[in-house]
Amino acid sequence: MPPAPQSAKSSSPTSLTQAFRSVRTCTERLCDPLEPDDFNLQTMPDVSPVKWHIAHVSWFFETFILTPYSGGYRPFHPRFQHLFNSYYETVGTFHPRPQRAFLNRPTTADIFEYRAHVDAAMAGLLADVDHPEFARIAFLTEVGLNHEQQHQELMLTDIKHVFATNPLHPVYTEARPVQTQAAPPLDWREFDGGLVEIGHSGGGFAYDNEGPAHKVHLESYRLATRPVTNGEYLEFIADGGYDQVELWLSEAWRIVNEQGWRAPLYWHETQDGWVHMTLSGLRPVDPAAPVCHVSFYEAQAYATWAGKRLPGEAEWEVAARDENVDGHFMDSGDFHPRPAMEGEGLQQVYGDVWEWTQSAYAPYPGFKPLDGSLGEYNAKFMCSQFVLRGGSCVTPSGHVRSTYRNFFYPPDRWQFSGIRLAEDA
Amino acid sequence: MPPAPQSAKSSSPTSLTQAFRSVRTCTERLCDPLEPDDFNLQTMPDVSPVKWHIAHVSWFFETFILTPYSGGYRPFHPRFQHLFNSYYETVGTFHPRPQRAFLNRPTTADIFEYRAHVDAAMAGLLADVDHPEFARIAFLTEVGLNHEQQHQELMLTDIKHVFATNPLHPVYTEARPVQTQAAPPLDWREFDGGLVEIGHSGGGFAYDNEGPAHKVHLESYRLATRPVTNGEYLEFIADGGYDQVELWLSEAWRIVNEQGWRAPLYWHETQDGWVHMTLSGLRPVDPAAPVCHVSFYEAQAYATWAGKRLPGEAEWEVAARDENVDGHFMDSGDFHPRPAMEGEGLQQVYGDVWEWTQSAYAPYPGFKPLDGSLGEYNAKFMCSQFVLRGGSCVTPSGHVRSTYRNFFYPPDRWQFSGIRLAEDA
Amino acid sequence: MPPAPQSAKSSSPTSLTQAFRSVRTCTERLCDPLEPDDFNLQTMPDVSPVKWHIAHVSWFFETFILTPYSGGYRPFHPRFQHLFNSYYETVGTFHPRPQRAFLNRPTTADIFEYRAHVDAAMAGLLADVDHPEFARIAFLTEVGLNHEQQHQELMLTDIKHVFATNPLHPVYTEARPVQTQAAPPLDWREFDGGLVEIGHSGGGFAYDNEGPAHKVHLESYRLATRPVTNGEYLEFIADGGYDQVELWLSEAWRIVNEQGWRAPLYWHETQDGWVHMTLSGLRPVDPAAPVCHVSFYEAQAYATWAGKRLPGEAEWEVAARDENVDGHFMDSGDFHPRPAMEGEGLQQVYGDVWEWTQSAYAPYPGFKPLDGSLGEYNAKFMCSQFVLRGGSCVTPSGHVRSTYRNFFYPPDRWQFSGIRLAEDA
Amino acid sequence: MPPAPQSAKSSSPTSLTQAFRSVRTCTERLCDPLEPDDFNLQTMPDVSPVKWHIAHVSWFFETFILTPYSGGYRPFHPRFQHLFNSYYETVGTFHPRPQRAFLNRPTTADIFEYRAHVDAAMAGLLADVDHPEFARIAFLTEVGLNHEQQHQELMLTDIKHVFATNPLHPVYTEARPVQTQAAPPLDWREFDGGLVEIGHSGGGFAYDNEGPAHKVHLESYRLATRPVTNGEYLEFIADGGYDQVELWLSEAWRIVNEQGWRAPLYWHETQDGWVHMTLSGLRPVDPAAPVCHVSFYEAQAYATWAGKRLPGEAEWEVAARDENVDGHFMDSGDFHPRPAMEGEGLQQVYGDVWEWTQSAYAPYPGFKPLDGSLGEYNAKFMCSQFVLRGGSCVTPSGHVRSTYRNFFYPPDRWQFSGIRLAEDA
């Protein structure tokens, strides 16, 4: 049995319809700045084309809601079940991931038609409040909308990778003028140890991997009041951090040397200092802003160099759940982390940059995946990855919470990932 | 000194301008059936995106003619010299070949502007008949137009690869109704041996690799009157040709097994028999048409199975130079080989399918590459490839001649390559 | 500061000398069954040649004890520091791991001389009880002897891989006659949850990664009274376990298919049923013996199939510390797991097969690696691996304890690794 | 039908027995300087272990002579047919080439027993002059002895690769004192063109690939009187030859950069100048000796740099057939090329270094491979390789002749391969 799911109980049908429209429209707004030439590129196997993203999120509604629950629903195209399945083995075959950009057809125009087809059918279904399975439909719709929000973030990270790979360094959106400001000094906040409970325990939507709530023993610890800044990371670089073997895990050292890492992803050293690629093109690295696009390996090496460590995910969650879930999210339209503000307590817990933890991504005690194919959503990836917390400047507002567990492989750098330091109290 | 080049002496300035317009327009007509989604795909490193092709052929005129000879010419974009250089090391750096589809910018629209910019400048230059270097400009323009014709063929072979990789099997152009007919029976024509001269010796355009004319001793030999048909090749398949190790070269056998070759490229066995991908979509294999999309390895294995051999390139040339250079070329709009007609002597010497020879691609005795960077055009590839002769159904009419040497690696299959058998007399 | 190390304080100098001789002699006895042809093979990068193992363990004493602490010690050969360094980056360069079998020189005879040279120098140093650094020397000697014991186990696992790769299936030692017996039925023992302390807290030798002792909260749980048997694993195979995608982690499924896994490593299906390679050659699979040479992926899939899970390392340790550390170890000379005996409580906790846990290999809270280069021994591998517990039938007796943490990558299968099931109480 | 073979007609049975003993003994003498540790290494897939070589040459006699022709012959071991088959697909399966050093068993001692077993059986068979198939046996024995001589050369080239890979640079045999002398100046000898006949036409043993004799037209040409020396090659290096893209074939340039080639294989630059690995250990590069261990790519680039070209194989053969087949071969025991002597005409045509030609390895007109499995000996490799002529300082005396065609891939460097320049007259 999946944990008392995680549902949209409180949501009225009306609000669900509104949420559906809102999230779906948001995805399309993210496409507005794009040229036709920007929709179908895959600059590494981890990156998916925009065209594929916007088809796949529609496939999700078609496959998990419309086909099983909407009587008489006609799938838009018989081969789309195969083409736009990401990785659900129990649903059927899927197009090879590294070949997603080989799909010249369906065209982008076809895929917008596909979206419209799915939207129309979903509108009908969500209006059918007397449907005997309405509660299930509502829950699955909420999963689908959260899923689409994740892909909104992925679209932006993937667009960034594509634009950054292009030697012309094109601009996705013009940068807004920003007031430059120094970052507040790094400070520490202490948390008492003891037996704590973490994990999601009902009340609002959560993924299966966030539960069940369970007890963990913590020793007292401290967290840095803000993430590590570019300026601080530049000191690590200047101190030869990338050359000091004793700072790095064994497999990290191999990759640092094989890939020639000398700085975070997207950074370039020029005669005028460091610049980095942003969704607004090449811009100078702002020493006050949080460092971003670092791998777990770099986060761990930086922490070792600083004489600190990364937080455990339980430490992070205990600290974060007292904070309001607001911050600098995708909705600002900046698509780039900005410097921390002065303030009491922890800054930038949510938004700006995902924070690597030292916790391997593993099932919580008593974890049960969702029933059926949606059980593949999270559970089968619980190996060889690390947990990140808190969301980023490209995470949709309202998407994350204190129990939210993101996860990536230790060498991954193309997400908006940064570093918050911890230490034993 | 390059061999008495090969020039457009007889061409009047007017006809050169006309030829320029005609070839350039033809390239654009080939794009007419394409959707915006079709311009930027690279389904294997050998394939280039259409967008890249149509930029590169303009780059050729810009780099080798406009920049050196057109006073005051302004390059369209400072980075295009890098982006659209194919492999000319002495010209400068170039974008990595396997990443040509990573160029979301310039857009396809930008590239058509680039073409217009180059066309306008070329029109001016070609009208300037009093230019002190006009003869050189005319020669280089002829090289550039032949180069563009080669890329017209490559665009079609690459579009075919892209469309064939797509599980939806899209159609580039609708097939024309064809009168099905049986192929004439395979017959042989004998040629006397002795000391012959082959290679280009002036009179009309030729590439540097076609010269100089030189003597070769041949023993008497026979050539098949037409290429091997699909029907004949199906017998080879049915006889277990792909399983008989003794038919195959050592490195061929390794590739047959690694890649699981059981038929020519683009062939699929269905319940209703063999079908293959064409530029008009999936169609039944016509037993009467020449077999196409076979590698040198397959051509050699087939010939061994048939108790024959492939022709040497000198044997082919001696036989071909008595034939009119007409046949079934790109201009027919079929883009697919058609069955041989009844007739005297050799059929389908030109057009339909390129014919693999047993000759390694090597410099002729006394060969000198063109001066300067254009010396890289052909000479540096004279290693590990085999010569093909005669052009195909996607070669522009007027592009080939009896001395023309095409060359590809022995496992290559995505060209329109077929088999003509030979034997000792 | 490393944790109150872990030392040989109680050991008298005499017993240390005796231990040194005993462990060193044991290594040589393991070479007795070998032919000269068996000393220098590397059948995969993870495998080291026997010759390299017996040089490397001597290098360890030379590098970490003799060179720094034995005045006037003359290194046996100036290049051995490079050749036989395994992975200590802070010590200096090292010969590439995948090329260890490229060392035709030094010869095996040279390396036995090297051992004698080191042994003589160590004997002198260990007799020098008034050496001002004697306590440090004694501690490092204990590390070196434990290190050599680990390599005794690795020698046997690597010899097994080499012999199993040979199509002639040679025999390392003849099998002893074994009384076949059925395994006792699988039963469960329950353990209460609560706040427990795990990890090493002084008293006898331990590696740095076993400490510090720290508190962990556990829910109540049950452990199987014995490891999974071959007979039980055969049911998993017969039920199509290797074909059921829903049992496998995503990266496991990829490897199962890429590698064609259908059974544990070294198993072959014959007309007469399953046989497997052992250090006594090919032998029938005994249904009563513990399954061995399974990866973490297979252990996890098996547990899922059985409706159970793998134990956490804390659960394992709490259960194991009440058991005597005896069992079926290397010293029996069997080099193969044998069936569990009837008995009260947990069987085969120690020896027979290493038991995969579900715990990612990570630093304990407050963990500090050893100072200096020996800090590279364990810490830099704390990423992407899983913990195994309990030792195996090729672990030297006296080497393991309840806090001992072994670690391998999830696809690794060439260790003597097996499965003990767990479940929530 | 194979071309009028190539046979041992003149050989008396007695001389055949003597030749058998002599060649077999020679193989064993080459093993005399080896330690037990030297017999089973494979430092790259092209290299075979000595142990494998000496088993394979015995396998050849067993498989192609004893088993079919010696009534009652008992194969030494049932699996050796598989283990020591090199590449004869029509004989049966074979052990994977890159895993030849994985065979700890049979031991080297076993393999010497295998040799003795084969030798005894062959002695009996060769004494049976009344055997109805004696002529065939004699011919096959001659093939087997020539085959074994080829492996004598390969053993030395492979031992050199193994010893050179070892950072200790061990010595196979001590170098003999050599009188240093300057090389004679490079001069040219001219040969008239016209219609010539090349290829083997009976009289003494030859491989199938040397025939049939056939006519070729040549233009007049000149050959250098001696091979290129190390001193001359050092000028190419000093002139930046490895950095001048215009000298290199396209695929050569890729490899030069991928592999970081800056000099011939085995060369190292030291503070005291260039040294190179020889079978007598590291020694200074002698400017007077022929350059050795260069690839076809380097030979071609050097020739281009020098304003010359490589000879065609017909040009080489016409010039060489007037020379006595003597020179500096394996039998001198030097195993290293030595400087040319002063003298009339061409020097070092035979021995010292194999000379790359510009001729792709291809079948001669009318070529027929040997019948049966021995047809795999040469024919299936006639693709993507280049012909070398003349033998080297590790070729057994008496093994080569003017028609002899050796062949390797263009990047291969571990053979004793050098450069003789040619030019048009």
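Read from first to last, the chains carry the letters A, B, C and D; within each, the first residue is number 1.
By definition in this document, a residue touches a chain if its C-beta (ideal position, glycine included) is under 8 Å from a C-beta of that chain, and two chains touch if they have at least 3 such contacts.
Everything numeric in this text was worked out from a predicted model, so none of it was measured.
Greatest Cα centroid separation from subunit C: this falls to B.
With centres set at the average Cα position, the gap from subunit A to subunit B is 47 Å.
Distance from the subunit A centre to the subunit C centre is 38 Å, each centre being the mean of its Cα atoms. By the document's touch criterion, interfaces exist between A-B, A-C, B-D, C-D. Contact residues on subunit A toward subunit B in their complex (touch as defined above): 35-41, 43, 51, 79, 82-83, 95, 99, 101-108, 162-163, 165-168, 170.
If you check the complex, the residues on subunit A that touch subunit C are 87, 89-90, 195, 214-217, 219, 245-246, 248-253, 358, 360, 362-363, 365-366, 375-376, 380-384, 410, 424.
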